[in-house]
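Take this structure first; my questions come after.
For reference, chains read A, B, C and D in written order, and residue numbers begin at 1 within each chain.
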Amino acid sequence: MPWSAQRRAVRRWELTAGAWVPQAHQQQRAQQRAERALEREQRELDRELREQHREQLLHQQQQQQQQQQQQQGRECRSASLQSICRAPIASLDCMEEFSGAEHAGGAGGAGAAPPTKEQLLTGQLTAAGAPGGQALGPGALASRQSSVTPGLRYRNLGKSGLRVSNVGLGTWVTFAGGVSEEQAEEVVRLAYDSGINVFDLSEAHSGPRAELELGRILQRRAWKRASYIVTTKVYWNTKSDERGLSRKHLIESVKASLARLQLGYIDVVIVHKADPMCPMEEVVRAMNHVICMGWAMYWGTARWSPVEVMEAYTNCRQFNCVTPICEQAEYHMFCREKTELYMPELYNKIGVGLMAWSPLTMGLVSGRLEDGMPLFSRSSFKNKYSSFSWTEDETANKEDKLRDIAQLAEKLGCSVAQLAIAWGLKNESVQCLLLGAATVDQLYESIQSLQLVPKLNSSTMSELERILDNKPTRPPMVSTLALR
Amino acid sequence: MPWSAQRRAVRRWELTAGAWVPQAHQQQRAQQRAERALEREQRELDRELREQHREQLLHQQQQQQQQQQQQQGRECRSASLQSICRAPIASLDCMEEFSGAEHAGGAGGAGAAPPTKEQLLTGQLTAAGAPGGQALGPGALASRQSSVTPGLRYRNLGKSGLRVSNVGLGTWVTFAGGVSEEQAEEVVRLAYDSGINVFDLSEAHSGPRAELELGRILQRRAWKRASYIVTTKVYWNTKSDERGLSRKHLIESVKASLARLQLGYIDVVIVHKADPMCPMEEVVRAMNHVICMGWAMYWGTARWSPVEVMEAYTNCRQFNCVTPICEQAEYHMFCREKTELYMPELYNKIGVGLMAWSPLTMGLVSGRLEDGMPLFSRSSFKNKYSSFSWTEDETANKEDKLRDIAQLAEKLGCSVAQLAIAWGLKNESVQCLLLGAATVDQLYESIQSLQLVPKLNSSTMSELERILDNKPTRPPMVSTLALR
Amino acid sequence: MPWSAQRRAVRRWELTAGAWVPQAHQQQRAQQRAERALEREQRELDRELREQHREQLLHQQQQQQQQQQQQQGRECRSASLQSICRAPIASLDCMEEFSGAEHAGGAGGAGAAPPTKEQLLTGQLTAAGAPGGQALGPGALASRQSSVTPGLRYRNLGKSGLRVSNVGLGTWVTFAGGVSEEQAEEVVRLAYDSGINVFDLSEAHSGPRAELELGRILQRRAWKRASYIVTTKVYWNTKSDERGLSRKHLIESVKASLARLQLGYIDVVIVHKADPMCPMEEVVRAMNHVICMGWAMYWGTARWSPVEVMEAYTNCRQFNCVTPICEQAEYHMFCREKTELYMPELYNKIGVGLMAWSPLTMGLVSGRLEDGMPLFSRSSFKNKYSSFSWTEDETANKEDKLRDIAQLAEKLGCSVAQLAIAWGLKNESVQCLLLGAATVDQLYESIQSLQLVPKLNSSTMSELERILDNKPTRPPMVSTLALR
Amino acid sequence: MPWSAQRRAVRRWELTAGAWVPQAHQQQRAQQRAERALEREQRELDRELREQHREQLLHQQQQQQQQQQQQQGRECRSASLQSICRAPIASLDCMEEFSGAEHAGGAGGAGAAPPTKEQLLTGQLTAAGAPGGQALGPGALASRQSSVTPGLRYRNLGKSGLRVSNVGLGTWVTFAGGVSEEQAEEVVRLAYDSGINVFDLSEAHSGPRAELELGRILQRRAWKRASYIVTTKVYWNTKSDERGLSRKHLIESVKASLARLQLGYIDVVIVHKADPMCPMEEVVRAMNHVICMGWAMYWGTARWSPVEVMEAYTNCRQFNCVTPICEQAEYHMFCREKTELYMPELYNKIGVGLMAWSPLTMGLVSGRLEDGMPLFSRSSFKNKYSSFSWTEDETANKEDKLRDIAQLAEKLGCSVAQLAIAWGLKNESVQCLLLGAATVDQLYESIQSLQLVPKLNSSTMSELERILDNKPTRPPMVSTLALR
């Protein structure tokens, strides 16, 4: 063993010995260790991936035989994701995303090209539901498509281990009135085929219908449970019988959602709005109970203030409960403060990630230049949909700005909606941006925004920033001494 | 963003940063933060409610279509409660109640007037049991009546998230001997139709029959589980096989109650009397187990001394168990010390609320002037029912006082019983006052006391205080130094 | 015991005392509070009991009607236990027992006299199994006999809330070879009818047969589950597949016992012998798991040294697990050190109580004067049964002593065995003394010892102590300074 | 109470009060106490075992009768393990193994000689599946063979209570392609008959097929669940849908394994590779959940670095979760650093034991001198199987070394593979060395290595060490002061 290797070993063990410290210091050290361990892990992972690929090829023949017996006629998903992680979890850097697209053509065993629009829209890529499949075999469930939409990536939601696609399907309008169940199923199918693995439900907007329909779709499609993530909400208002976030309501709500969805568990239960009348201890204990019972894997929040999220985290730590992994917040060009100023801090300090939605990405409006103006104007959505938002920039003259944005979109050859989506995806704090659509065309249009993101170079972003003129900033620190 | 908004943001984040403190200081800070956050939350909630109402109207049409299909012929409960909370949970102030009545005529979408006595007594307002209802749909269960009795309010029980009506049905006499099951069902129905959501059972007095009958009634009525709260007791005495509050007895008792009630869970399991022979650790661990198993949502105590409640709380904290949310205590004009001197302290310090009962409100006696005297005299109930009370004023000359109270009741145009109930409701520490009745008329009479409360102005209260002359006070603090 | 052994014992206890790690100051305070609350509680309990009795009479008529319908022909158990507790759980005094006998003739509603020997032996007092009983009604299960054997008392086991009769049935010989199942059932029935509520099983000695047979007997008898306590053991030896106290073995053993017993839970799971190869953390976590799963209510130990019991307790506190409530130990005239010197300290400090057994009380031998000698002599049982005992006095000349004891028994008009049992019961540290019997006559004889206890006055005890001449004492404290 | 007794009581309580020591000191004291208690325990255990043997003989007759009825024709396992433990768990010494062989001929009641090769290979020793066995009786399940392979011993895995055979069956090649299910069953049967109680599965290499087949074999064989240990892995890679060690994936993976194995629980769930993107808290909480749900008894890791194992342990302590008990690592003559330098420290500090595998012991290659060279050469296995290893000595000139090793093997009269296995078993840190085989002959050959271990005396080991010339050493400590 050469000297340098010995030195590394010594260093490693000095670190280890140093880890026998009180809990308070642990996190700092863990981070240091993680950073130092990074280099080595990186090398090993690289080697491993190369090896795994070779091994994969060796084992492929026998596996193919097996699978052919079990799932005759279905395609196997091969090697869609090949990039590797470069940052440890405890790092303050944003976590590296897992890119599906950049390797899609290069390394995949099947070498599948991105599917054409026609393939996606007509659903030629997904296997039909597994008739008479063998219950336990892995091939009994339909595998994910091997091909992934360009620009789609997978990232850990918050500092959890759950990997979500950078766009998700928000079903706000998919299961709304006027959309047939067949149409909704097509939208869900397109999302899944495109590589989207997040399906977000919101009782507040679509009522229990969304859960019932999505449940039936998932039953019919019989996709492998590991291949998708269902997030749904515990909703309350002061008008209903439930009257707030009591343990009673939280538990009943989750159990009812499970029954409607016909699922064994919900991936992330999102608590919609904090209830100032309910002690935080009760909420975090109830969510911990929900997770301990196996009804959910994770929990998160929606429309909570950073202070409330922090309070939840503190209570979790105090009572040894599982901490929330994400906050769902509104984010668009005219609602930036929470996402841009406060969410990165929550992510870095307590690992709470961000799922973002905006009236636009939710598919509520979709248009090009000519209808760009009404899109962002107060009358069309501000009062109706954005009213719950935590904070919103109300001082700007939106009319003028919208005109300029529409011109920029035209210059880029995209719709205003697509520009807005790409702009949202550009923000690294947004781990999953929820898109919504009532039709497959609408969703397809939105997904194309993924390819727009690389085009948003620094000059375009500067131009946009200049137009918006609402970049949130923190006020200068004022010494509290000076205030005395 | 104007300067003031920036300042607010800074303040908010200073607070957030300050929250990274050891657990010990957390609660104080949480309170401060909560108080400061109050103003903002209040404004937002106001706006939200206005918005929700508008949104509600937009979505109503499609929802109505849905519901009409699912629950043909049933009324939907709309907007019974509209006031909002003004105090955060951690505040030392008493929590704001949710008033049903004051908005009943004004804001409700359906604009339903309070039901007439005839409507209530004949049960025209409740839907019949749901025949062949769809299991998962929300409309499959009968919704609460939209109209609420004037004066009825909903308040959080203790500092929990559970919202209870300010009067509850104590079933002491409802399921006692001599009352038929049909009669009992009518009483329960009237209570529910009046907006009462608390049904309290007491094995000690009515035996297992109460649970069996209430269980059958709830099955027949098929009310939505979220719309009512069942509290029942773990009872023990030294004569029975159980011989005390052992874990064995607590768990067996809860499971037996669940089986009799045919419910999935009990809302609040009340531990009746502390057992000085059983360590508190065993009790709180067993109650935590009961809650973890999903058999109960909360737990509370009955007839425990403040010291015992505090000991339970301390043990919960020590062993990371769920804390009790309420104490059930006797409270009437001649039994005031515990409720008036000690319960507010327990509420403020450890969040334990109060459900109160008295021989009168439990419907044991009901009469006007002429039978007012025997009502409170020793012979009629003191020995028989009040004997367990934690502390009772025995020094006063009750005969004289009763005469004066009866005269006052006559002056107010109500019965002595109604005056006694209204007097109990006047105390803000009483979050839920248990009423009892063997007949619907008796219950209806008692509920009317809610309207008497506002009439108990300060001069009337002073008059009553003068008559009673038993306002409990704490003795002056005596320096222990002086005792040496 | 030689001096060096005494020294080692002292050292061991110094260490133990030093290792005492309570989580907070809470226990001291709890004790102070408890002592102050004592006086008031006492008064209230006295009053309450008087009142309950009166109330009981009022409610009796309707209850009797109910019960007559449900359990025609069965007697109801009334008021067998009426004494009340006088010491709080945290007190250093031994806890007061609940005496059945002294009130049996006086206060019982039915005024039942103690049953005659004939009644007990022929089983006229117990109802037959409940055919077609109503599952939920309390009367569906056969109630305990109202009459209790004179001298039988109920005491809390350790500082738990579980109340056990001061004698229990150790089934060592009941389910041994040569005893038919009918005969065994008769013994179990007699024990139950006599008021004994503890049935102890020991896989080590009778194998799985005991659990299977007792399970069938309990099924047939259909006694109310609350009215008896089943304790069984997790046994291991190095010869079996299990190879020690692994979590795997503990959990499998408990599940297998439950299946054999056909019970929903075991009252106390006793871990037989500590395994020095298995970390204590694993044992206490596994026992906590067993209790959390609802398979057991409590756990205890058998044949553990005081140091091991203390270590288990410390681990429970460290990992927030449920603490053990009792130790089963051998105790007889020639094996006194552990029970007399160390168990009281364990009880006072960590609430671990004592179930005692000895070859005599287990019914292995039963005889009068003529066979008194072989009874205690080495040849008859020492090697065979007592060999596992933690510590035993081996220095005394047993032959001479036995002769004198037999003469004393003759003087008292009882058998040597009865004297030995009464002598064991005289020790307040023994909360439950396990008796064993292969026949009803043998058990009846043993139970009669209860009446002998009051006759063991101080002069008789002095006489016995003089004969035995083996009163264990702690060696004088030696300053460790002096040893330097 | 005399003065001296009072004084002693006071002293005891002074100690108690004074001993408010933090948890940190507890373990030290526990160890001291354990060491002092050792001597006594040892004596008692010795005596107990002698007694138990005698007792065993007494009870044997009746047990034999029972068993003859229940399991006609099956042999009972008697007394395979008789050595006793000499070191307490907290000791830093390696734990004593439980030897099967050295007593096999001497003390066994049945006096069974080790089975011949023919007996083992033809499976004459195991009973066929229990047809119509009685569900609860212990004899309803086929007992382990009474005879144990010479050299086979049982040791606690890590500092857990789980006792594993020092060799286990790694099913890497047993369930690989080309091996029929009948052939695989024969290998499993031979392993079980030889006394091996560990069966290790690895999804990474054999896919779900291994679990399905082993599950069916265990069903058919109906061996007593206590008599074998199944370890399986949670596998992940970045190519699959699961995308890492999320709680979602951990739980789904364990549930899927249970379903495939048709078992009630997995003995040890091994987490394969750490996921630097998933927070350790999530992993340890998920594994704790898996254990709390009863799906697994223990958990461990595979291919984790010592720093990662230590981080897992620290997180377990922080969140009061069950700690991992073992790490699975590659260990062979050319991969020594992790096992020899770091695993003993992990074992001593945090009780994490070692299951080792190497391409050789996994049965991938099996040959004598002539094929010794390719065996260890890069081309044959290095790239293909060892690529994941944590660290490997790459500097040595393997070709020359292999030639010398082959000569040594020839001198010892064994194959190179057997020498390699014996060399691995010689290391006390390896509590279980996984052997693999595609055929019974291959396994039989490997098992014979157990008898080679005693022949590896110090001179042979020195010779080997001289040939290998790669003994890992820690670099000298360098003062960090000197580096400034």
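Here is the rule we use: contacts are C-beta pairs under 8 Å (C-beta built on N, C-alpha and C of every residue); 3 or more make two chains touch, one makes a residue touch a chain.
Molecules present, by chain and UniProt name: A, B, C, D = NADP-dependent oxidoreductase domain-containing protein.
These numbers were taken from a predicted model, which means no experiment stands behind them.
Chemist: Which chains are in contact with both subunit B and subunit C?
Modeler: Chains touching both subunit B and subunit C: none.
Chemist: When subunit C meets its copy subunit D, do both sides use mostly the same residue numbers (more than half shared) or mostly different ones?
Modeler: Mostly different residues.
Chemist: For subunit A and subunit D, let me know how many angstrom lie between their CA-based centres, rounded off.
Modeler: Spacing between the chain centres: roughly 41 Å.
Chemist: Measuring from the mean C-alpha position of subunit B to the mean C-alpha position of subunit D, what distance in angstrom results?
Modeler: 58
Chemist: Got the subunit C residues that touch at least 2 other chains?
Modeler: As it turns out, subunit C has residues touching two or more other chains at 292, 320.
Chemist: Quick one: which chain pairs are touching?
Modeler: A-B, A-D, B-C, C-D
Chemist: Which residues of subunit A touch subunit B in their complex?
Modeler: 177, 207-209, 212, 237-249, 251-252, 256, 259-260, 275-280, 282-283, 285, 289, 292-293, 305-307, 310-311, 314, 317-320, 337, 341-342, 345, 349, 383-384, 387-388, 393, 395, 470, 472-475, 477-478
Chemist: Quick one: in the complex, what on subunit B touches subunit A?
Modeler: 1-3, 6-7, 9-10, 12-13, 15-16, 19-20, 23, 26, 30, 33-34, 37-38, 41, 47-49, 51-52, 54-56, 58-59, 62-63, 66, 77-85, 88-90, 95, 98, 135-138, 143-144, 154, 156, 159-163, 197, 224-227, 229, 267, 292, 294, 297-298, 320, 322, 351
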